[in-house]
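Order as written gives the chain letters A, B, C, D and E; numbering starts at 1 within each chain.
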């Protein structure tokens, strides 16, 4: 009976939501805030990618919050799974896989950092790059070649990266601006790597933090619990 | 620092002082002192005047102020008096035994002091908000006094506070409604607006206030809590509670219903056209409150509970007299507060004195104590005569005034109800005195001694008060007249011995003189002309020609008044108990259902249900 | 047919949301509940992106040497990026909890987990096992006639 | 354009339904990756390359990785993707 | 300056694991130090002359950037966040797991940062982000005990809350569709566009979504489960603090963007249901923790009822009720943590710990509303507001509040009677200490509220008037570019 009620209500919900969305104007957004952001993106942040400008400039606080959420999730995950020494888990990988891993690791590292650092110019940025960095560090675990990322190191990286993000924000405060204000926006030309002031620096912090966070989470997931449920 | 402030301050300082005094055996002897001081201060203040407090401030847009007028003064007198008696009672041997048995004298005295303070705050209320503050303080202050005894008293206390808060919430709603409808809680302001309110509004206010205050008065159907809550408490606490605590309800009723809303307005509110107005409803509630609890008292086998049940019934007389509203009726109702307080205090103190000595309050396990505890017997005798409303004690005066008013106002049915109640009172108090003091002494009570002076002293002083105010009711009627004036009622034509009225007055000086003369003649006849008495040992007696040995006890208390009980037994079906139980069951059922809600398999479904209903509500016109 | 693109995409978003919700509510399997949550989040993300779409615009990235054109609203896109990452965090946390529940209770069936949990919670509270209709500890707050001692006879 | 989108949406919704009904959890997981990839395609069409990239990397990649690891932890699939655990849906 | 209220706890949370490894004392001190610093910042900012003011984070004018709106109400809650977190700072449970302790402290700091963000933020999506941060941190804290039941309860809580978040995000999407902006002040100017059913639906989405954490009926079934399995400190933090901030967010939305009468009625109805439902369930509860959890649901219902009143009166009443509950409930939870156990085992507990017993009675009396205590004024304000508003729902709410009070008395003093009964059968676990002292601080706050009542009252009235003034909010955040208001894409 509750299942039936749930299905009934769900059908009602879907129908009402759909009919509600039909009254929304698709394709012609009011862009009350959006247009201004587009107009100011370059002048305000120096980033060619308006999405990056929004993420790190206009709505930098959201990004900080998001990093915090990842940090919270990783911390909570660590709290739940506990801190256990990794045992030997999984069968050892074959030589080819091990070799491939060694080859792939620097490659992924490079790609990851590239994506992170070009976030203000092209699609991509700290998150996407961070994911790749995490994968790179996590690769040895998958391949079963090693212990994977060092936990202590990860903690230091994630802690410092987050702090750096905030400190860059506070730096603006101390130099007379407001929290999270982009600095040194006018240095460097548009479309160049070294442009957009502190933005790439922020993205670097984001990328490192996301990478460390996710790698930690993945490692926890892979290791803790000991495999034997 | 006005006089009232000083009085309140002393009452407040008494809290730590009482706590400290209760701490040591020698210090305890001084426990009554603060109350004596307060009584002196009160007597110094003229009841005919209005005593303002210097304290007053504006908070939440409300002005809070305190002032003591004739009505408050009149209620303050028995309050402090009862506390004085209770403190004195507990200051000697009783207190030592209580402390020795693991009881906390400190808490007892602190709670007593807190009660007095709270009651004074209530009695000095200058507006509806301070009235409610005082009301709540009084309600809560009563709780520790009740639960001190532990055990079953805790259950009774929790039941009390649940009832009391129900009443308190009704009062709060009434206060809020007065504020919203009239824009003020200051009497002078809202009394100007009250006459313009619609009938339903006034009717609701009357219902809320009468119901709310009625809970404290234990008016039907809210009476179940009182007897165990008062009766099961420890001695001095029970005496104090029984004497005055629930009368705070009458004070508030007199203030709000009689003074603020006025009885004329009550008469205007028709409940059944041509037959019943709201004042009649109030009167009939009072009448039933007289009858039912009184006959419940008749059935009790615990002396404390018997008296406590009477307390409920006697409250009915007060309300009945008050809502009559004429000079005699209201004077009788208010006077009964004082008289009943003295009676009940004496009775409970005596019963607890007996209990102190015998260790039981069970009426079926005592008897014949008259020779062991003559002073307690005397106190109890005077108390029950007063409680039953017989001359020459003061209870007669107030009841006579109420009867007289009922007759004069043309309420024969109510008069009949009051008489029936008095009949039940007489029957049950006879049971009380008989089962405790008359009949055969039980073997285990062979070595009982009279209670110590610290306990009999307060009893005897109160007895003196009963006799004196019974003979010279004018002493109290003067104060009653001030109280009546304070709430805008007519004042009877009183003198030292009673009242005079065209329809027939009462002069207790004369009446008591005749009674005393009658007794004197009887005594002379008895002792002078052949009155033959022979003193025998209590265990050596005959009954109906049958010799009773010590093991066959002369006791017929187990089945007291069998004929009467046979006839009225059908009425004791406990329908109010059933009502209370049903209410609890309903709440229980709802609560169980709600617990079910919080124990469901998939709580997240409610997010979906809610938002879907919300969407439907928003989208569908 | 372009006029139907909007409704189609809305249908997709609402459909994903509804399917996700149905999975969260009707599945009894903890792991599948997490999967369903991911789908529901995807539906809402799609809805957010739709909020910024313009018919006549290009992606909000300035290309070197290309004249300025109308661009789609970048704000919803930034919001969605944030929401996606938040979703992953929540999802990972949920999975760690699932792992632990499986270890502790040896089951992934919601009904069973719940039953076990209720017993544990009640035990932690010091109460007895729930589910029965017994009275609350300490008796009813208002003692009935039986709770007060009958005056001794 | 409409027909393309129609196809993608149908694919997306079908996969989403499959996630719920497939017995094999690994297959369900794969279906959820398909949902993410289809969604990423929609994002590309909606001129949101950043979002599309993230959805692909996170939704189809990282999220799937986490889920697989969790499945492995739960003992529901072996290292090689073979199911070893007991039944799934109750 | 107020950015520190968010930034400092975040930095402390990020650095806590690192510093803990570096130096034990640094690890212990950094969290409290950050919170104390936040308190100082709040005190420093509390200058009536400059309040309210707005901060454009990142230096971008509204509506492009994110705005922090700092008024007395926001400052009050920021201060409360720091203070409560300090008082309820996770203690060493003595299980020797230093790593877990560091993580719990990190999560608590993140919770504090999120709560401060919720109080300050003037941007809808930013609120969502902080709400999610608070949610994720509280999932972790819900599972902190590490018992199987804790994991299960945390998972169920997560699912419920995540569904709520999804719904809330859908609401934000709808609002963005309609208005193209997220700034609350900007939305306030555009409130006319959200008058229709779409706007109502959007608000209901947000109500249900944020209502999960605000313990709104009927999306609060997680409450008894989670409070039953966490440490009492966390329960106090969630019940006392986090729920109020979710309410605050809803109130801001109601005041600024959704002034519709119907929505207030919806809030009132849900509040009444929560009030009665919570109190009834608490009446039937078998252990102290869950009794408090249900009672918390009931109190939050009262908070919703209070805030549903129109105008300044409603805000003032709501603030008083909310702050009152914020002080009481953690105190009660601490006492419950002290005593633990079911009702049966509590017999005589107060006799062994007299101070704790007195505190319990004080809290219970204030919760019930004994006149000089703040609980009475709170109830009085709500009741006068409801009576003034009238209407069938208003009367229903009044009766509900009064009945709920009687129920409250009944179960709280049933427990008190148990605490003071002569314990004979079993002796509960020894008092862990610490809890009583902290509860004593809360008790002192209650007493202080009585002593300083008139001054506090003036402050609260100003606070309510300021928070209820949508025009002031817009003026403070503004000036918006005119075209932004008339709007329309090119």
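Quick notes on this structure:
Note that contacts are C-beta pairs under 8 Å (C-beta built on N, C-alpha and C of every residue); 3 or more make two chains touch, one makes a residue touch a chain.
No experiment lies behind these values; they were computed from the predicted model shown.
Identification of common neighbours of chain B and chain C yields A, E. Of all chains present, the one whose mean CA position sits nearest the global mean of protein CA atoms is E.
Here the chain pair with the top count of touching C-beta pairs is A-E. Of all chains, B has its CA centroid at the greatest distance from the CA centroid of chain D. Distance between Cα centroids is largest for the pairing of chain A with B.
With centres defined as mean CA coordinates, chain E is found 30 Å away from chain A.
If each chain is reduced to the centroid of its CA atoms, chain B and chain E end up 45 Å from each other. Spacing of chain A relative to chain D, judged by their CA centroids, is 20 angstrom. Taking each chain's centre as the mean of its C-alpha atoms, chain D lies 37 Å from chain E.
Under the contact definition stated at the top, the residues of chain D that touch 2 or more other chains are 48-51, 54, 58, 62, 66, 70, 73-75.
Of all residues in chain E, those that touch two or more other chains are 125, 129, 132, 136, 139-140, 143, 151, 154, 156, 159, 163, 170, 177, 180, 182, 197, 201, 283-285, 410, 413-414, 489-490.
In chain C, the positions touching at least two other chains are 5, 9, 11, 15, 17, 20-22, 24-25, 47, 50-54, 59-61, 73, 75-77, 79, 81-82, 84-86, 88-90, 92-93, 95-100, 102, 110-111, 114, 130, 141-142. Applying the touch criterion to all chain pairs gives A-B, A-C, A-D, A-E, B-C, B-E, C-D, C-E. The part of chain A that touches chain B in the complex is made up of residues 2, 5-6, 9-10, 12-13, 16-17, 19-20. Chain C meets chain E in the complex at residues 17, 20-21, 24, 30, 33, 37, 40-41, 43-44, 47-48, 50-52, 54, 70, 73, 75-76, 79, 82-83, 86, 89-90, 93-94, 97-98, 100-101, 104-105, 113-114, 116-117, 120-122, 124-128, 130, 136-138, 141-142. Contact residues on chain A toward chain D in their complex (touch as defined above): 49, 51-52, 90-91, 123-125, 127-128, 131-132, 134-135, 138, 214, 217-218, 221-222, 225, 227-229. For chain A in complex with chain C, the touching residues are 3, 6-7, 10, 13-14, 17-18, 21-22, 24, 26-29, 31, 33-35, 37-38, 41-42, 48-51, 53-55, 58-59, 62-63, 65-66, 69-70, 72-74, 76-77, 80-81, 122-123, 127, 190-191, 210, 214, 217, 220-221, 224-225, 229.
Against chain A, the residues of chain B that register as touching in their complex are 600-602, 605, 608-609, 611-612, 615-616, 619.
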